[in-house]
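Think of it as A, B and C in the order they're written, each chain with its own count starting at 1.
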Amino acid sequence: MTDAVLEVEGLRTQFPTSRGVVTAVDGVDLEIEPGEIVGLVGESGSGKSVLAESVMGIVESPGRIVDGDIRLHGDSLLEMTEAERAEIRGGQLSMIFQDPMNSLNPTLPVGEQIAETIRLHQDVGESVSLPAELKRKLLGATKNSESWRRAIEMLEAVEIPDPAGRATDFPHEFSGGMRQRAMIAMALSCEPDLLIADEPTTALDVTVQAQILDELTGLKEAFDTSILLITHDLAVVAETCDRVNVMYAGEIVERGPARELFAQPQHPYTQGLIASTPRLDSDEPVRPIEGNVPDLIDIPYACHFAPRCPESERDCFEVEPPFRPVGDDGHEAACLKRGSDPELSVHQPAEVSDD
Amino acid sequence: MSSETGPGSGFGERRGEFGPGEMPEKYRQPEATEEYQSLGQRLVEGIVNDKLALFGAVVVVLFVLTAAFAPFIAPHGQEERFGFMKEPGENSVGDFDGDGQTETVFHPLGTDSFGHDILSRLIFGARVSLLVALATLAISLTIGTGIGILAGYYGGVVDSLLMRYVDFQWAFPELILGVGIIAISGGLGVTNVVIAIGIAYIDDFARLIRGEILSIREEEYITAARAIGMGDARIMVREMLPNAVAPIIVQATLMIPLAILAEAGLSFLGLGVKPTTPTWGLLLSQGRDFISQAWWISVMPGLAIMVVVLAFNMFGDGLRDAFDISEGEVDER
Amino acid sequence: MRRYIAKRVAHALFIMWLVATTVFFGLRAIPGGPVRTMLGQEATPEARQALREQLGLNQPWYVQYADWMVDLVTLDFGQSITTSETVSAAVGAAAPRTFSIAIVAVVVGLSVAIPAGVLSATRKREPVDYVATVGAFLGLSMPAFFVGILLALIFGVWFNVLPVFGYTPISEGFVPWLESIILPGIAVGLPYGAVVMRMMRSSLLEVLDEQYMKTALAKGVHPRVRLFKHAIQNALIPVVTVAGIQLALVLVGSVTVEIVFGIQGLGRLLVDSMLDRNYPVTQIVILLVAAVLVFTNLAVDLAYTAIDPRIRYGGDEA
């Protein structure tokens, strides 16, 4: 497993608040192999964005990582200095955010925002000192520079028409879909090993969503990048991801190959998620999961989903459920009642199984 | 009961010891729902937690009380005369009440060139300053809000016209208006000051309310109100106004210090109240001639203005934060 | 952008026209008629007649109005009633003094306010922030003329280091000029700077919370570069607005501060001419003040085109 691009082990991230300590990420393990698109699915409040920020090292203070490790190609990110992490951020490891409208700086031309990334992480021989950057800002970027040239190439790669002309435009002159493409261009400009995409299509129209997803998959091939795709939209994950992790209340509850996981969800939460998603191809009534996502402060019971789970037993509250194989090819679920060798059996004899 | 199709089927059926929402006794936590706090409660909590705002609130209350109960609080009448130009902390000795006996009167803030006790003058002045501020507030608030609502609600031509007026009026600061009104009315006086300052600050309210209305206008409950046939006036007053109350209150609280400062300025220039009305601005102006011999005659009213204006600003700022604040904010350590 | 500029300029000219018209009718709205008020009750009918002719008041109002407009455009402001000079001379002597104070106030105010605001925001809740915030609160709580009195007291009376009376024109040397207006300039600049500083602070704090700052962080941009290249320009936009709006405060403040320091500027001219009923002068001073306000407002609007690209290139909305 050492050629994995990203290894997250036992990650725990906490935020002190006036009401107590919020544990947004509570002991998460995650792995991403080269060339994979891995999905991270969960509702709001599940901690998926905090997980992404933890990996990038941009968790907002006073939040901090209190436990665990994060390794990029085997190198521990948490043991590096901030300067070393800043070198990696945007270079080998990059991220795009949900809201393209607000994720680009309104006072800098789009091309400049991309060129800046290139300057920081690629060897193009251009200074990134404060005076140099300010000069570029005030006088306009030099159009002859290597970084500018490459920025235009990137805009072309994400299929923005008239890239050279558009590079001098400001974000408000781009449409929503184009802005997201520009963000993707910026994130991929340094050929990262891993791209984290946090809800990249949520703020976009449905038709544009499809385009962006295609863009991402295509670029993954072209740039040889792995992608961590974070979303609450099951359909998006089912479409694009090789493997999926399902996250609830700070924990990963189920993971496995996308196709299998959606065909045969095992963890009660995953089953609930799917049951609560309206489908066009069945007459199933949509069944919501009762209850609310828990307050992440000091959860006293073991399995975070237990209070809302229709199958919970006493042990579920007492014993931390380990991951057990529930299918082929690495399909695992963290539930005491699942797996080939469940520790607890179901009470009612008439168990409905899906074939 | 459950069909065989679809991967999510089967969910929801209770198959364990505990169903959804149930759990062993020891884990049962009291409902951690956020208690509904009324606006008033939230405000009070917000202010109490913000030290600066709290200080401001306390001083504001003291100021208002002083103004209200001036005759009972002031040690002497505002026209009573004692020793001339006594320094702060000095005593005047003499027969001031005509009873044949000499008294010793203590002047914590000194006396002015006429022998008036400055502390007493300040206390009575508080009353006038507050009344003037409130009167100007009444004018600018009502007219400004009215203009703002109409402009924001109707948009289009009405908006353009009203905003043009607001721009135009902006070219006449209270100073100029004060001059103009004096010229037209022929003399000084409190009414002039109130009108001049009241008109001068209409634009602040108008712009603020217009902005609020523009965003409220797009809210769904407005569309709903219109859909059920509610008349324009009713919508404006019953639906929009209550939701814009918070910024109005904040602005009003921040307007009072501006009004006090503006009145002080006008009176200082001699364009304000009649020389017999003891506002703080006038007191300051009266001391100007004696600045080198008796600096306290001007400085005391000046400090009073400063403290009260400061208090209102801090309080208003705290109010603004309290209205915007979200529950359970992350502490910064 | 050109459309934007043209619109703003046209708007400013329109407002000036409205102001001039208002002043015209305002003068004629004075009860008792302007002449009677100017000359008083005891004036002889001949004197009144002479004044009426001089002011052109015996002509139909529309003729007067046309004359008024023409006079304004050709800068022919007439004669002062109580002194023997032209209005232009009187105003021309007074204006530079007031403007000197105003300019010093703005320069001093901004050069302290903006760095203080930035420092305060970047070191939020540290001692520097508290000191600056409280300082700003104090600053904006004091009327300019009171600050002037305090400064005059400290630097003029107690420590006799700076002149506190009178104005030295710049023709007599830069340093003497500066000495004569530095105290009044600071007096007006302090409250102005305080307001600007608070806006700078709160605006920068808001910008630092924006999503695009997070993007810059995620790109590995150096903290100083994030502040100066990514944040500050965005933060300046509302600051420019406030700095412009508060110029009214500067002008009014300059006028009151003049009185404290015995400078014969527009303030003195306004008050004196009004008390003397020297209305030809009063109306021109009013117009001048309005013109300054309207056109600085215009300048602020135009400044936006430099700072906010969304105005420079009004783009299509997504």
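Please note the rule applied: contacts are C-beta pairs under 8 Å (C-beta built on N, C-alpha and C of every residue); 3 or more make two chains touch, one makes a residue touch a chain.
The model shown is predicted, which means the values in this text are computed figures rather than measured ones.
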| item | value |
| --- | --- |
| Those chains which touch chain B and also touch chain A | C |
| Pair joined by more contacting C-beta pairs (B-C or A-C) | B-C |
| Separation of chain A from chain B, taking each centre as the mean of its C-alpha atoms, in whole Å | 48 |
| For chain B paired with chain C, centre-to-centre distance based on mean C-alpha positions, whole Å | 25 |
| Whole-Å gap separating chain A and chain C, where each centre is the average of the chain's CA atoms | 53 |
| Residue list for chain A, restricted to those that touch at least two other chains | none |
| Multi-partner residues of chain B (at least 2 other chains) | 332 |
| Residue numbers on chain B that touch chain C, as the complex places them | 52, 164, 167-168, 170-176, 179-180, 182-184, 186, 257, 261, 264-265, 268-271, 284, 288, 291-292, 295, 298-299, 302, 305-307, 309-310, 313-314, 332 |
| Contacting residues of chain C [partner chain A, same complex] | 210-212, 214-222, 224-225, 228-230, 233-234, 307-310, 313, 315-318 |
| In the complex, chain B residues that touch chain A | 2-24, 27, 29, 32, 328-333 |
| Sites on chain A touched by chain C in the complex | 56, 58, 86-91, 94-95, 97, 99, 101-108, 116-117, 120-121, 128, 130, 133-134, 137, 169-170, 172-176, 179, 183, 186 |
| Chain A - residues contacting chain B, complex | 15-19, 62-63, 262-265, 268, 271-277, 279, 282-284, 287, 289-291, 295, 300-301, 306-314, 316-317, 337, 346-348, 351-352, 354-355 |
